[in-house]
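Letters A, B, C and D mark the chains as written, and numbering starts fresh at 1 in each.
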Amino acid sequence: MGTGLRARDVGLVCGSLPAGPLNSIADVPGVHVGHRTLNHGDIRTGVTAIVPHGGNLYREKPVAAVHVLNGFGKSAGLVQVEELGAIETPILLTNTLSVGACCTALVRHAIEHNPDIGRETATVNPVVFECNDGYLNDIQALAVTEADARAALAEASAYVDVGAVGAGCGMSTFGFKGGIGTTSRRIDLDDRSYHFGVLVLSNFGRPGDLRLPDGRTVAPAIAQPDAKAAEKGSIIIVAATDIPLSDRQLKRIIRRSGVGLARLGSFWGHGSGDIALGFTTANIIGHDEGAALVEQRLLNENRIDILFEAMADTTQEAVLDALVAAGSMTGRDGHHRPGLTDALKNLPTTRS
Amino acid sequence: MGTGLRARDVGLVCGSLPAGPLNSIADVPGVHVGHRTLNHGDIRTGVTAIVPHGGNLYREKPVAAVHVLNGFGKSAGLVQVEELGAIETPILLTNTLSVGACCTALVRHAIEHNPDIGRETATVNPVVFECNDGYLNDIQALAVTEADARAALAEASAYVDVGAVGAGCGMSTFGFKGGIGTTSRRIDLDDRSYHFGVLVLSNFGRPGDLRLPDGRTVAPAIAQPDAKAAEKGSIIIVAATDIPLSDRQLKRIIRRSGVGLARLGSFWGHGSGDIALGFTTANIIGHDEGAALVEQRLLNENRIDILFEAMADTTQEAVLDALVAAGSMTGRDGHHRPGLTDALKNLPTTRS
Amino acid sequence: MGTGLRARDVGLVCGSLPAGPLNSIADVPGVHVGHRTLNHGDIRTGVTAIVPHGGNLYREKPVAAVHVLNGFGKSAGLVQVEELGAIETPILLTNTLSVGACCTALVRHAIEHNPDIGRETATVNPVVFECNDGYLNDIQALAVTEADARAALAEASAYVDVGAVGAGCGMSTFGFKGGIGTTSRRIDLDDRSYHFGVLVLSNFGRPGDLRLPDGRTVAPAIAQPDAKAAEKGSIIIVAATDIPLSDRQLKRIIRRSGVGLARLGSFWGHGSGDIALGFTTANIIGHDEGAALVEQRLLNENRIDILFEAMADTTQEAVLDALVAAGSMTGRDGHHRPGLTDALKNLPTTRS
Amino acid sequence: MGTGLRARDVGLVCGSLPAGPLNSIADVPGVHVGHRTLNHGDIRTGVTAIVPHGGNLYREKPVAAVHVLNGFGKSAGLVQVEELGAIETPILLTNTLSVGACCTALVRHAIEHNPDIGRETATVNPVVFECNDGYLNDIQALAVTEADARAALAEASAYVDVGAVGAGCGMSTFGFKGGIGTTSRRIDLDDRSYHFGVLVLSNFGRPGDLRLPDGRTVAPAIAQPDAKAAEKGSIIIVAATDIPLSDRQLKRIIRRSGVGLARLGSFWGHGSGDIALGFTTANIIGHDEGAALVEQRLLNENRIDILFEAMADTTQEAVLDALVAAGSMTGRDGHHRPGLTDALKNLPTTRS
């Protein structure tokens, strides 16, 4: 289904910071990703799971933050992340109308591992993000089941597949086939190396607006029905790092996802749910913490610009990664999205 | 199961503004409420539906706002209401772990009435609020089904039942049996009368902290397990009016729900998801609006204090209404919550 | 001018937590307060300075947070506190039209102690809060000068005068004479005692709405011109502690100032600028920090309810402290505000 | 001092929407701009005044919104704009340490035209924005006086000077001389033409990061001291329109200023105060409004994308306008900033 290519395989690199060894969100130690892809008949959809660490997330909550660039979206779980600065489940990505099924799946998953939920202890806050894949997918079918969500969780590993997989199966970007993309950067602080990774579910942008890192714009050869129409769709950006950060610092960093989107040619359109979540594995909040006071390490804020830059660069490159990897796809009712790689072959090498 | 009483039947009145004829949220013309109550075995839960008007809500979206007093909660749909200032589905209330099922029910309900959703037009933003009824209810059973949510929607009418009904079936408040409560106020502006109504799903407050309008505190006669423990639970406050307001004005008004809660003895505890939503039926956003510019009427903001006062008074009284109506209840594992009315009988008439 | 009394001297105590030894914000080690009072002719105004610690605040920035309960106000400096979670100057309180003069005074004060400001290093963010004392004070005179602000800073000490002093000179509260009030609580965490203190500049509330801790309401014997008019004025609430907290935790805590105001009979009126700032002396951000990573201690968030309660109790009691200490005052054009203590003498001991 | 050129004179055009006849914020009928420039000795600073309409702004308040992209800034007046969705004074721009003087000037100006301020009616909320011009200007001199602010107000007209004028006198951008820039777009809705204009005070960006609309980057020929250092400085973006909008719609629109900045090569650096304000002259809030309900016209939100695009395009072009118009400048201690136009002459026409 995909091209087998990554953004860097076709020369698309964003910024000057070095990538991590896998060039994926899994360069952050412990972060795993799994997909469940549904591709049959008029169904082009799925679920993608991002698992922040290998322990019990409800017991050991990563510090986290969310930022809404444009809130035309139906994601779940943001209220509590905003209040408490932490997540307590894996993060699921899916299509807009399947958020309910994925919430329920995360709830049951948490109860299985924590039988005191809703009895001796609090309830659980499932975090589910979504984009509208209705152009290629029969989204009204609500095809994603709880079992599909569980399958994505079960398959999570340090190998991150990209393109038209998982929740990315039916997504579109700038009139091309979109989907899942990822990239990472190595960040050196004092005497140690850390990693900063991003994974996107990319489903935004008007056909004709896509801009490559060198300034050239690329449009689908075949006219797309939404060309110069309203900017619809959505994009979900998930950032992970092992750098110690506070929730406020994370929130400042992930806000710069908007810079990456703007460089790509988007103006964060009205009809787009553009939402970012960031977490750090270096600060964990213990559900059963006994001490009155706890220690945290934070970044010296005078050093934060390198993370702002990393956020902008990785958001930009992860979207290009999704576009390059995705290939073309024909979906429900014969709707078709071309792949970016074909368009790149025909692109003049000089800027118009 | 309930007492058949309202707060005013036992002399509990908040503020000096006159109540509407039904003294319920249904005094706002067009607003209907329906319940689906699940009470069997260890199950004490349900769904409550608030339907803002009798038309197609997706096509005719009431102007709305949300405000989070304390975000230890799992409600769904707030991001889009915050961005666009409108709702486009009925509002469902349920237990914390059944949010997913209710979201899916609202999605299917919207598609049935709007077959273009996710195809020729955008997707839909289901609005679902929740409290944790796990003390009386076997919340891990995830007993609420999509069919239950649909039943609550189907039964919606201008008659508003209160107490241990619908989503209120298994809720607790200040150590007493809580649940659904409602009240309204008549507001005269220039030459016309309007109404302002509130409905709460009340499940908050530490035993011993409840304070009546005259200043007396009331504690359960039987010691409750959460006395002087952390303030847990949650409260959802839904306000409706036919006064023309902007979303910003609505947001300012519903923020004053916190005043009502404070008067009752709460300090908006850490573990409580205290969230308010308000809507007006006097400003409707047309999904298929063709004109570039639209007219709205707003309140002269110099007059807004009366609505701040109404919000504080109705939040306070609606909680007392839930407490008075609810009676006592024994739930899962023999857990018991006494009714407030019994405690009131034994209360000294003078303040200690 | 004042009564020489504190709230506790007339039996007004809020909540059950123990007060600190001084029962003032200066129970937090290092916190100093100074006043400059202007009381001549038609002038009833001044400046109050809160100095978080004895060091160079620009070099050693206390972690801090702000929260706006109702934003009908003209305070300065909030944007940067919100972004960076820290303050870098003393906090000045004054009348609404003198914010500019106090900003400039703080700027010059910072430059004197840090000659690299605006040259080799960044600029400085002055934090100035205000209320409108125009009923008793000729506020149009802009009587406060930079020298007055400097005088308040210079007089700062651990002795905190209350009532009609400093910025509180011309303020009104619930139709009575208001002003500066303070109180503190001792908080024990694991094996150590900490303190949590609040200082208010109290200038809010409609005559007739004041409610004492036992539920009785108190109105001025002489009808006040703003009785049952719009709730105008404002209140500034400054909280200090030596408990280690993050900026997010501080923000959650100071939000509960709204609970204290509601208990007093306020609904956070439209025309009132109700704003809170909190800081901790236990977490300091070094302006010249060299290390990439820094350590912070935070509160185990499961223990935060005691600080929510302390915030509500101290806000409530500090306002009563201002009212009790202030005495009566006649100001510009013969405008008069009675003192609360006189009204308390005539108050029936039983609740009506 | 300046070049006498505008961005379009050297071929720098952003986006495809048509410019207004003046290509300035004054294309919005009634909007006037005035400057007071201080350029002597080591002083390179000033004040710029934006006057939304020719009437009494305190009596007839334009609907407005603010948005903070990065809050490392000291601007004044944002709290009340956020709460009430309106401004009630002209907008002043100046250097960081002169905010206090400009606040006081606006207060006195408002009192002169409204002698009931602080007596029979409320106080007034001055709106003042700032950037740090300390590289070229002796900012510690606090050179701007109240009289300077009044002079800028007095000189306001429909002729908008750009470059190193007013508050822009000492500002820097991407290592070049920055300052004031402006541009506008004509927007046709149904049968009528409207205008949307932006004025920036541009003082942000790291040397070497500037990117032209065609993708080429431009760096100063002479190495600048802050090259690849932290992104400091700030940018203030003021948007005006005669299109009827609500405050929420304005807030959504001005948020897209971040898109314009990102296109220019910025990632909204840590040390930069990047703040936007927008107002519409088509919706006016009457201070003395008598009716309980008022009418407003709003944009059909389905049409808002064109304003998002206009905001991104005008922010981008207004910064380029400031750069092109500013020329080069030598300031305090011989600090020098080259002009962009010189660098453009030497720029290769093909992208590297």
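The rule is simple: a contact is a pair of C-beta atoms (placed from the backbone, for glycine too) under 8 Å apart; a residue touches a chain by one contact, two chains touch by 3 or more.
Since the structure is predicted, the reported quantities are computational estimates derived from the model, not experimental observations.
Of the other chains, whose C-alpha centre is the longest way from the centre of subunit A?
Greatest centre separation from subunit A goes to chain C.
Count the C-beta pairs in contact for B-D and for A-B, then report the pair with the higher count.
Higher C-beta contact count between the two pairs: A-B.
Per the centroid of Cα atoms for each chain, what is the distance between subunit A and subunit B, given in Å?
34
Once you find the CA centre of subunit B and the CA centre of subunit D, what distance in Å lies between them?
44
Pull out every residue in subunit A that's touching 2 or more other chains.
70, 83-84, 252, 271, 301-302
Draw the chains as points, connect those that touch, then say whether the picture is a line, ring, star, complete or other.
Graph shape here is complete: every pair of chains touches.
In their shared complex, at which residues does subunit B touch subunit C?
By the definition above, subunit B touches subunit C via 70, 211, 214-216, 230-231, 252, 255-256, 258-260, 262-263, 266-271, 301-302, 304-305, 308-309, 311-312, 350-351.
Could you please specify the touching residues of subunit C with respect to subunit A in the complex?
83-85, 189-190, 244, 246-248, 252, 285, 289-303
Touching subunit B in the complex: which residues of subunit A?
68, 70-80, 82-84, 96-97, 99-105, 107-108, 111, 115, 117-119, 122-126, 132, 134, 139-140, 142, 232, 271, 273, 275
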